[in-house]
Each structure stands twice: as C-alpha cells, then as structure tokens.
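Each remark here refers to the structure printed beneath this line.
Note that the chains are named A, B, C and D in the order they appear, and that numbering of residues resets to 1 at the start of each chain.
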Amino acid sequence: MTSIHFGLIGTGYMGKAHAIALHAAPRVFDLSATPVCELLAELDETLATRKARELGFARATGDWRTLVADPRVDVVDICAPNFLHKEMALAAIAQGKHVYLEKPMALNDADAVEMVAAAERAGVKTLVGFNYARNPASQLAREIIASGEIGEVLHFRGRHNEDYLADPAKPHDWHTFRETAGAGALGDLGSHILNMAEYLTGQSITQVCGQLQTVITERPLADGSGMRPVENDDHAQALLRFESGLIGNIETSRIASGRKLGLAYTVTGTKGAITFDQERMSELKLYQQEGPPGRRGFRTLLIGPQHPDYADFCPAPGHGLGYNDQKIIEIRDLIEGLAGRQPLAPDFRQARRINALIDAIERSHHDGGWIALDGA
Amino acid sequence: MTSIHFGLIGTGYMGKAHAIALHAAPRVFDLSATPVCELLAELDETLATRKARELGFARATGDWRTLVADPRVDVVDICAPNFLHKEMALAAIAQGKHVYLEKPMALNDADAVEMVAAAERAGVKTLVGFNYARNPASQLAREIIASGEIGEVLHFRGRHNEDYLADPAKPHDWHTFRETAGAGALGDLGSHILNMAEYLTGQSITQVCGQLQTVITERPLADGSGMRPVENDDHAQALLRFESGLIGNIETSRIASGRKLGLAYTVTGTKGAITFDQERMSELKLYQQEGPPGRRGFRTLLIGPQHPDYADFCPAPGHGLGYNDQKIIEIRDLIEGLAGRQPLAPDFRQARRINALIDAIERSHHDGGWIALDGA
Amino acid sequence: MTSIHFGLIGTGYMGKAHAIALHAAPRVFDLSATPVCELLAELDETLATRKARELGFARATGDWRTLVADPRVDVVDICAPNFLHKEMALAAIAQGKHVYLEKPMALNDADAVEMVAAAERAGVKTLVGFNYARNPASQLAREIIASGEIGEVLHFRGRHNEDYLADPAKPHDWHTFRETAGAGALGDLGSHILNMAEYLTGQSITQVCGQLQTVITERPLADGSGMRPVENDDHAQALLRFESGLIGNIETSRIASGRKLGLAYTVTGTKGAITFDQERMSELKLYQQEGPPGRRGFRTLLIGPQHPDYADFCPAPGHGLGYNDQKIIEIRDLIEGLAGRQPLAPDFRQARRINALIDAIERSHHDGGWIALDGA
Amino acid sequence: MTSIHFGLIGTGYMGKAHAIALHAAPRVFDLSATPVCELLAELDETLATRKARELGFARATGDWRTLVADPRVDVVDICAPNFLHKEMALAAIAQGKHVYLEKPMALNDADAVEMVAAAERAGVKTLVGFNYARNPASQLAREIIASGEIGEVLHFRGRHNEDYLADPAKPHDWHTFRETAGAGALGDLGSHILNMAEYLTGQSITQVCGQLQTVITERPLADGSGMRPVENDDHAQALLRFESGLIGNIETSRIASGRKLGLAYTVTGTKGAITFDQERMSELKLYQQEGPPGRRGFRTLLIGPQHPDYADFCPAPGHGLGYNDQKIIEIRDLIEGLAGRQPLAPDFRQARRINALIDAIERSHHDGGWIALDGA
C-alpha cells in the first residue's frame, strides 16, 4: 500500500484536530493509502519542533515556505488563519502539491476564483474542510432527502449560531478585521450552513437577499492599546432561492448567547421533514406522512451501524460520535479521493461557490435587495 | 357586580373555545364583571338552538344581524371566517356594541384601517384575539425581555408552521381563496408570529423583505366538482428590521409536514437568550451570561405560580396549562379591559399593524425588495 | 335531559379544580346529564358564601354535615384533606349519596376496606379522582399497550417525584403527620404512579418489596412554636411483580429537587416501548420494532383529535391540554358513569387496591422483604 | 520520555476501540509516557497479522500465551470475552505484566477475589475499563456532587438499558451462557451502572435487594442446530442502600426495545439534582435551589473546555465528544497511572466490588430479600 505524506501548516484549534485525525483514520478505516505525518510548520523552529513531537510529525520547520517546497510532502494541509489561505495554497500549487484547506476557502470570491484557476491549471487535487457535512447524521439527512423519503424538498431553514464573541470585553483577534477574516460570522460560521444547504438539498442557491449587522461596533485591542472598530458582521441572515424553486432562509451569529455549536437545520418536503441540531450531533429527527395519523410524529434516529460511516467507529448503535470523528471521516474522504477511489468534494471549484454566496449576501445587504448568482 | 352580556357569532373551532372560556373564566379568576352568555348566532335557527344548548347560551338566532342589534348584547364576539370580520364588526360598531374579534382582524390593511376608524369614531371598545400572547410562558418571555434579564435585544427569530394543508388531496375551504381569507399561511399563522415579534420585543417592525410561495398550486373543490387554483401562499418568510435597529426573521407555513403548532421563537439579547416552542407551551428556556462559565446553559423553566396568571389555574408549579386556558386568560383581559381596569390590547388600532405588516410582506414579495412601514 | 346536583366539600387546590371542571365540562362534552353546582361547604359560613360566589355554586354552608344531608344534593364531592375522607364518605353514603372522592381514598387499607363495604351495602356509586389517568396521552398509552402495538408488556418503570417539601425550612402541614395524611410521598404521589401502573398494564400488582425514608426528620410547626418530627416518608421506592409475571419498579418523592410534576413512566414490551413525562403532558414517545432498522427511533406523538377525548377540546392537533382539562374529562367520566353509560373506574373497590399496595410497601419496608398481596 | 509497550488480546468491538485510542491519546494529551502498540494476539496467525496491520501494531501472534510472555510487552490489554478474563489476567500477572482489562472483571466474585490477590501479590498495576466513567459529562457530575453544589446526596436512580437482544430470533452468543458470561444484562450492562453509582456518589453500596428475569427463555443456536435455553438474566433491577444511608435503585436490560445506550442517572441532593443520559453524552442537566423561584429550572450544560478533559480535544465548547474519546481518556488515565502520576482507578481491588454487587443481587433474587455486603 502506498503512503501519502502530509505537511501540516498551523497547529491551533484545527491543526491539532487534523493531527489527531491523521493518526486515528488508518485505525478506524481500511484506507487505500497510508497517511504519513511528514512535516509540520509553525511560526518558528522551537514551536514547530515542540508541536511536531506533540502531534506526532516526523520533521518540523519554522517556515511554511520550506514545507511547501519539501520534496517528501505530497499534500499541503493548511490550518492557518483565513488571510493566509490564498498565499499558502498558491505556493503549494506552484510546487505541484495537492492542497487540503480549512474553510472558508478565501477572504472573498475573487481570491477563491484565482485559487480555483491555479489549482486546475496545475492539475493538483484539492479538498476544503467543511467538516460538519462529514457527520454521519448529516450524511444520513442527505441520503434521506436524495432517496425521496420526505418527498420533494420545499423548504430549507438553517442557522449556525455561536456566542464566542458575545462578550463585548473580548478583545479583537484576526476574526474581527476585514483584512484577516473577510466576512465575520457570515464567513466563519455562515460558510458552514451555506455549504450544508447545498450539500443536503443537492441544489445550488441561485438568489439571495441578505442583511448583516455589526452589533458590537468596537472592541479592545488584545495588547491593551485601546479600542478599535470591528470591521465585519456579528450576525447575518438571508432569504434564499434554490435552482429548483425551493425557498429557504439562513442565519448566522457569533454573538448568539447560549449557542455553542448552533448549526441546525430543518428540511421540509412534500412527504415529511427532517430536523437536526449539531449540539446533539448523533441524532436526526425524521417525520414521515405514513401510517395512521394518530401514530405519526418526529422520530429520533440515533446514529448507528446502518448509517453512513458509523460502523467503522463502533459496531453498536447509539454510542455517539464526536467532533473529532468528523475530521477522521474527512481524512478518509481525502485519502480515498487522492487514491482515485471517489471524487474529492468539495474541491476548490465547489467550495468557491460558498465564497460567491457570501459575497452576494454582503452585496445584497449593501444594495438592499435580491442578488442572482451565476450558475458557476 | 355588573354583568357583561356576550353575543357569539360562529360556533366552529374558535367559537367553542370562546364558549368554554366564558364559562370557566369567572371560576378561574376574580373578575370585575361577570360574563353572561346571552345570545348565539349560527347559520340557521336549528343549528343556533342546538349550539346554544351545547355551549350554554341563553338564547339563539339564525341571523347574526339580529344578534348585533339585540339590546341585551353588550359585546359582539366574532368567531366567523375572516371574510366576514369586517362586515360583522362594522355592523356591531354601528349598533354601539363593543367588539371581540378573532385574528387576523381583516382581509387586508385597507379594511383594517376602515374598521379602526369606525370603532374609534363610535367610541366602542375592541379586542383582537391573538391568544398565544396570553400564554403565561410568552407573558413571562415578555417580562424577562422587558426587565433586561437578557440585556438589550439583538435578534428575533420566529416561526409559525403547521401542516394542516400539507396533503395535496385536501380540498379547498375558505382558507385557500383570496376573497375569503386574504393571505394564506401568512394571514392565518404568520399573523400570530408577527404579533408575537412586536409583543415580545415591545417594538414596532419598521421594514420587511418577504418571499411567498404557493407550493400546491391547485386543489380539489370540496364538492368534488374538479380542481381549482389555490389563491394564496402556502408558506412565506421575511427578514425584519425593528424600530431600535434590531433585526430578525420569521417564517410561516401551512404545509410544514410534522408541525402541529409550530409557533416558536428565539430572542437573543446582549446578556442572554430565551427560546420557546408552543408545542411545549408550558416551558420556556432561558440562558443568562451569569455565574461560572462551566455552569451556564439553557434553563428549562416550567410555568408555575411565580409566573403571570398561572396561580389562578393551579397553586402547584409545572402542572401545565392548555390551549383553552389561553382563551380563559383572554376573556379575563377582555372583561377587565371593558371594566376599565386595564388597557385592551391589542385593540383594533394595534391589531391593524399586523394587517399592515402582512400587506407589506406581500408587496415586498411582488416588488422584490425592502418595504418600509409607516409608524402607525 | 336530567340534572345531577353536586355538593362540593373543600375549595382549596382540588376544590377549585373541580369547580372549574364542573362549569366547563358541559361546554366541552355532549353529556348525558347536566352537572349543577348546588351546594358548597367550607369551614364557616362566611368563607363558604364567598367561595360559592367565586366558584359558581348556588348555595353555601359552613357545615359539611348539612351538605351531606341536603336533599337536593345527588353527589357529594369530597376535596377535603385525606384524614377527613373516611368520615365524610361514610356520612354521605349513610345519606344515600353518590361519592366523588379525591385520592388517596383513605389513610390506610383498613379504612378503605370499610368504605368499600359501606358503599356497596348502600348501593351508592363512587369514583376516586386519579386525574392523571384521564390525560389523553396516558389514555393513548393504555390503548397502545392494550392493542398489542408494543407486544407483550415486559417491564414497567414509574416515578412520581415533586419537590414541594424539599426545603427543610418549610413548616409542617397535614401532609407530614401520620394521623392526617397516612403515608407521606408514597400516599400523596406514590398513589398516582401505583394507580398508573395497574391502569396502563391492565394488570394487578401481586408482590412488592419496598423501602421508605424520612430525610428531613423534623420541621418547624406552622405557628412558630418549635420543631416537631416528620411522621411519614419523604421518599420511597419499590420493586414490583404483576400478575402476569412482568416486573417493574416505582419511586416517589416530595423532596426531589427540580421536579414539579415528575410523574413519568416507561413501559417496555416485546415489540416496542412507550415513555411519558407528565411535565410534557401532551406528548407520548413510542418506539416500535418495525420498518428498516436505520429508520427506527422513539417517535414523539403530539396529542390530537385521533387520540382519546382530545377532539372535544380542540379540532386541531398538538394544541395542548392542561392540568385542569384532566378534571374536565374526569367529570365527564363521572357524569356518564352516574348516567349508566359507562362503568365508574376506579370506584371504591378498585381504588382500595392502591391503599392495599401502599400498606404493603410500608410493611415490606418494616419487615425487610417481599410482600404478596391478596387478589382482591 | 519513556515508552510503555502494549500487548493487545482481542480485536473485536473493544479491541478496535483500544487500538484507536492508543494511537490518538498521545496526540490529544501531553502524556508522561508514550504508548507503543507492540504486539497483537488473535485466534490465529493470519487474523492476527491482518489485524496488526489494520490496527497499527508492530508484531502479531496467534497465541495469547506468547503475547503474555513476550519480554517487550509491559502491559497486557485484555479485550477478549468475559470468560477468558481470569485465565489471561492470571497468566499476565504471573509474567509480572501490568494488566488493563475490560469490564466486568470476572464471571463472579470468587474469581475476582482470586485475581485481586494475584495482582497484589505480584505487585503489578491494574486498571479495569469502565469507560463511561471517563466521559467528561460524568466526571463533571462527580465534581458537582463532590463540591456540594447539589447539597448532600439523597437519592440515586440509574439504569443501563439496551436492546441488543430484544429480538427473540437473535441466536445465542457468549453473552447468553452462564459459563462464558456469568450474569446476563446485570453483568454486561448492570456492571456499568453499579460502577457509576459508586463513582458518582463516592460511596459504597452496602445493601441490595434485587430481582432478575430471563424473558426470552430460549434462543436458536448460532450454527442452526436448534434451540437452547438462555442461562442468564435478560433484565434485572435492584433497590440499593449506600454507606451514608442514601437510598437508590438501578435497573438494567438487554431487551429494552428502543434503548441503544440507555445508561442514565438522576442524582438528587438536598440543594439540587443532576440528570444525565449517555445517549446525549455531551450534556448534563443541573438543577439548583438558587436564585428567584421563578427562574429555577434544569440547566442543560454542554460540555466544554471548563469541564474535565474536554479542552484537550477541542478548545471550543459544545462541539461534542464521542464514544471512542472516552477510551482515549482511559488510556491517558492508564498511562499516567503507570507513570505514577495519579492513582489507577478502578484497579482490580476496586473493580472487584462490582462483581461482589452483581453476586449479591443474584443471591438476593434467589433468597428473596435484602443482602448486606461486606465493607471490602
């Protein structure tokens, strides 16, 4: 069996999750190739060396450009903040490396388009990490929808709300500036629910009408040097129209007190409905217009071996998967995609749609009405 | 103690609920006046006589115009279908009667405006029956918001979804024609959630951007004489802006498979949030940014004697109120309002706002953008 | 149509609930006879007169013996504390009155047996008010079990926990003394879950093994005159064996912090299970081993017009009944029973079983082992 | 940093979970020693070799006695069926190896006692894998109880119900015979909830009164050669008394239709209560008698970085851990225990208590009354 050598850039929140998943994936799944934790890049050599030891990487470097150029690296795995995605991805592509990138792909649609073009020109393979779509419960939701079990889809309601910036005393970090994050909640969290909307329905969103708001208009700087304006949205909402004519709405917030991982959706069809909340990530509720009316109701399906990908984690139903397990599934999808056994989805071309939607919602907010998206 | 004599028009779904409440209210509450079930009107004498016996009314008539003119009737209680609201209310007002009217007030804003003018000119008192706002859980929600317990309100999300027309084989009734119902789901159910939005926040909605859809475009006629187009919306959604600048969104549907009384809302403030679902009508969830972070979470408050109006029903907490209990509270509010002990709210002037909002959402749908409402 | 004249003794918590129900029942249901609120007894004339006005009774008396002897009273409705049940019931029976009595029937089994004998000798009709068994959700549970939808019943788990005496500073009242209450939590609340166990399964409990505990061993007297021992159990639990061999367990508490109306049960059968919690009194969860394994789960049934008794309250599903609605159903059952249209259940003979079970659990606690019950 | 070399026996359900955890643990936690996947034993060489490759072990053997004797193995990790625990553990101890063993420790208390003695004589270290007690939510529950946040504990209610043998057509496997499993549901699942009872309260159970039942009295043999009796309990229940006098009850079932991982508990104290269900393994509900009565209710705590062990998996709250993450924590506890940084709990001596309790419940069932346990 072949090996695929990974170069990881960034070891914060997502970098650690990637490392755990790279070590666990070959134990959980029967993979077509073995991921090897080859090289790790951090801000300096000392940190990189320490992190390589902790996260089980063979080598370390204090310079991501060294990693990108390393001949033994097959895949550049980018877990750095959003504003570095483009530069790093283009550099990796220029070296002919495959690119595995955290969401959102880019700060804006123009950058995303440039990245798509570069990747396709170079013929490298790409994957963008919208991990919630790997959750077996959401895979099951997609399966139920695709199979027609709830009939033709009529309505999509989604939200991704958290409260990590609800406290106005919390200082700025890269999330709150335009140059480093692009959109605010809409980019960081809204990207997930927009991706989920298209993933679940199997349809493109063709029109949006959006509204954004910065509620906490200024925050202290982290270094204590005073207040500075917040440059992007704290929460946002939009009406949607999809290609088949189905309608829907989404909202997203980073100041939604009480919500820790409030990615939730309800999809209503002509014959039933499903509803899901990532805070209870291993259950899906299903309603079907079947059987005697007095015995109908939303059924709570606990994820188990009959559902996508679960059996590889555990043979017994209802035992529950966790956040990091989603990344293990994503690594499996990446490895199998690189091995040519299945398509890589979403690749840069598909993931770019999310940046296009974010830009369109922002434009709609500024212009005050509906925006149609091109079919790309 | 004085008596207030009621004349009830219509004995369907809501008419029966009113009758139950008129008999129960004086036993539950210590009222300033006694409601007397004086006269009942139905489509003909036979039906009226039977219904008067069943519902405990002293007299019966087969002609609502007789009821409206009856000298012993103080309040005309209108539970007839929407398209009769205006004619009946104007007739009652012309006779100097007070009017207690089911929602929505009118088929459209122009009619509502005319009704407001007539009532105010005649100096009669009015109340429109948005019963869900009487639920102690929603009264508590309003109290929590008004007291600042969740800080300044930042976002309102609401829906009122049911599935009573999800079955495409279900024939037309008055709900599905423009002339008899006005708007569809938006008028029948959306009126409740729009009223709730303003009731809870204590703010007027000043801008809307809406989208409507008729999904089941034709239905069989009830008499089996063939198919006929559905003339109003099956579901609708809108973005909202309120007077203080807070934003929100609502959706409403009569084809939302699985939802039986899906009136639900989440109100997020700077210091907390509340969330509610009428399908669990006796509980309210409250989150507050207080205490150690590791001990924070949504608290499920079971309605009890510490909360509005509950203690009059039961001295023990958590014993649960039901749908009809809301109407008992509404009757109390009506009696006390007529007795001059508290304002009648919403009266025609306030309730007209809901018709204005419905019209604006429809206009926004047709024109494709935001609509500003006057401050009325 | 005939009338049935009620004499109500006691106007506290339950007395008021009875009064509300007596006025509402004929509006909700199409009854075979009309309940008339004839006479009300309270501790003195002044209170009785005020309460009669509030609760809509025609006449009042300060002496319950007068009520019992009143020739125009058909049914004596006893809502006085437990320790008065026997004396009042025997007096009513001696006058040839029918008796409608709140649970538990008596302070102990010997008294209950005496009451059964008296009623049967006199040929009067009796009903004991275990109101939670009137809840349409629990009626539905019984229907599902009886129909075999969950197969043969294998296990019953029940509890009735509240926290009304969780606070050790709360003073004594009649609940905490042996002479006035009999058993503690076991009598007040445990009686409900024991009744539910037999009601739902349609089986008699034949063996019990129980354990009781007084946790808060003394409380202040209400008049401030010092501390006094608590004389009965604060919580209790028991293992059960039913006639068919199915096993189960119950627990009950009046000091269960956080529980306001924690009457809950799970009934497991060979083909499925149901689970219910009275704090969400209008929903029942049903699991059935049917359909593809990947689509199985507990279904949340919202009570609606397809279920017992609901349609008379409201034609639309999921609109929710409340605590007092259970009493309205009980009044219907009483009226129809008195009119000879259906059996009165539980009458004294059936309700006596609950006292026998309570005594057996107490005896088991003292003797430390299993107790078999006679088949009565 | 030192290494600790593992020899794994058995690669079914639990063996795979151990292997995933051994690879992931050093990436999640900063360990005092590095676990090395040294040697894997399966039923034959071919299977062992394949499994070693899949699960990332360096070497393989078809004979567990070879593994136990291997000089490079430090810890023998036993994931074989229950009936092999004793023989394997004694063999490992005889070789001076540390033993990491799945629950329940032994088929009966006598065997467990023998194993304790052998381990203590040999001076080897031991850990028994009651993984649900590693769940951060249950660690938090213990922390809340120990800190007095719910006051003094008054009552424990627990259950561990599943439905893996609810289908009577499911053939025998080792779980259903006395010689291979010992007790039935009580041993397989009841062991977890008994352990949890003592883990959470920090108290020993001193008296039990139990009841067992084999409902499906015979099953087909797996080889199709006919029916054979089931030799142990399908479900069981017991009343409990703990050392401080607090009382409680447990039940357990392997035929509880609808329950997939129904390990659930409610612990009630003088000042509050907690309630938990492993089917929603990342949330804990907490009630406290604090603040205004009208604002009290069960709070849903989503597990996050403020709670035990979570932050090492994910820095953001509410993102959810899974079943396998519990084993990662267990491996951390094992490594740190072996490194002398924390006690190993439960070791053989502590885990033996569970076998003693199981035996006592069985004896109570046969003798029909209460059984006192020695203080061991």
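Here is the rule we use: a residue touches a chain if its C-beta (ideal position, glycine included) is under 8 Å from a C-beta of that chain, and two chains touch if they have at least 3 such contacts.
Not measured: the values here are computed from a predicted model.
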> Quick one: which chain's Cα centre is the longest way from chain B's?
Replying inline: D
>> I need the rotation angle between the copies chain C and chain D from a CA superposition, between 0 and 180°, in steps of 5.
In response: 180
>> From the mean C-alpha coordinate of chain A to that of chain B, what's the distance rounded to whole Å?
In response: 41
> For chain B and chain D, what's the span in angstrom between their mean Cα positions?
Replying inline: 54
> If you average the CA atoms of chain A and of chain D, how many Å lie between those two points?
Replying inline: 35
>> Can you pull out the residues of chain C that are in contact with at least two other chains?
In response: 259, 296-298, 302, 304
> Inside the complex, what are the residues of chain D that reach chain A?
Replying inline: 13, 16-17, 19-20, 23-24, 26-28, 30, 54-56, 162, 164, 259-261, 278-283, 302, 304, 313-325
> What residues of chain B sit close enough to touch chain D in their complex?
Replying inline: 140, 286, 292-302, 304, 306-307
> What part of chain D is in contact with chain C in the complex they form?
Replying inline: 150, 154-155, 157, 159, 166-168, 209, 211, 213, 215, 235, 237-239, 241, 247-249, 251, 253, 255-259, 268-273, 287, 289, 296-298, 368-370
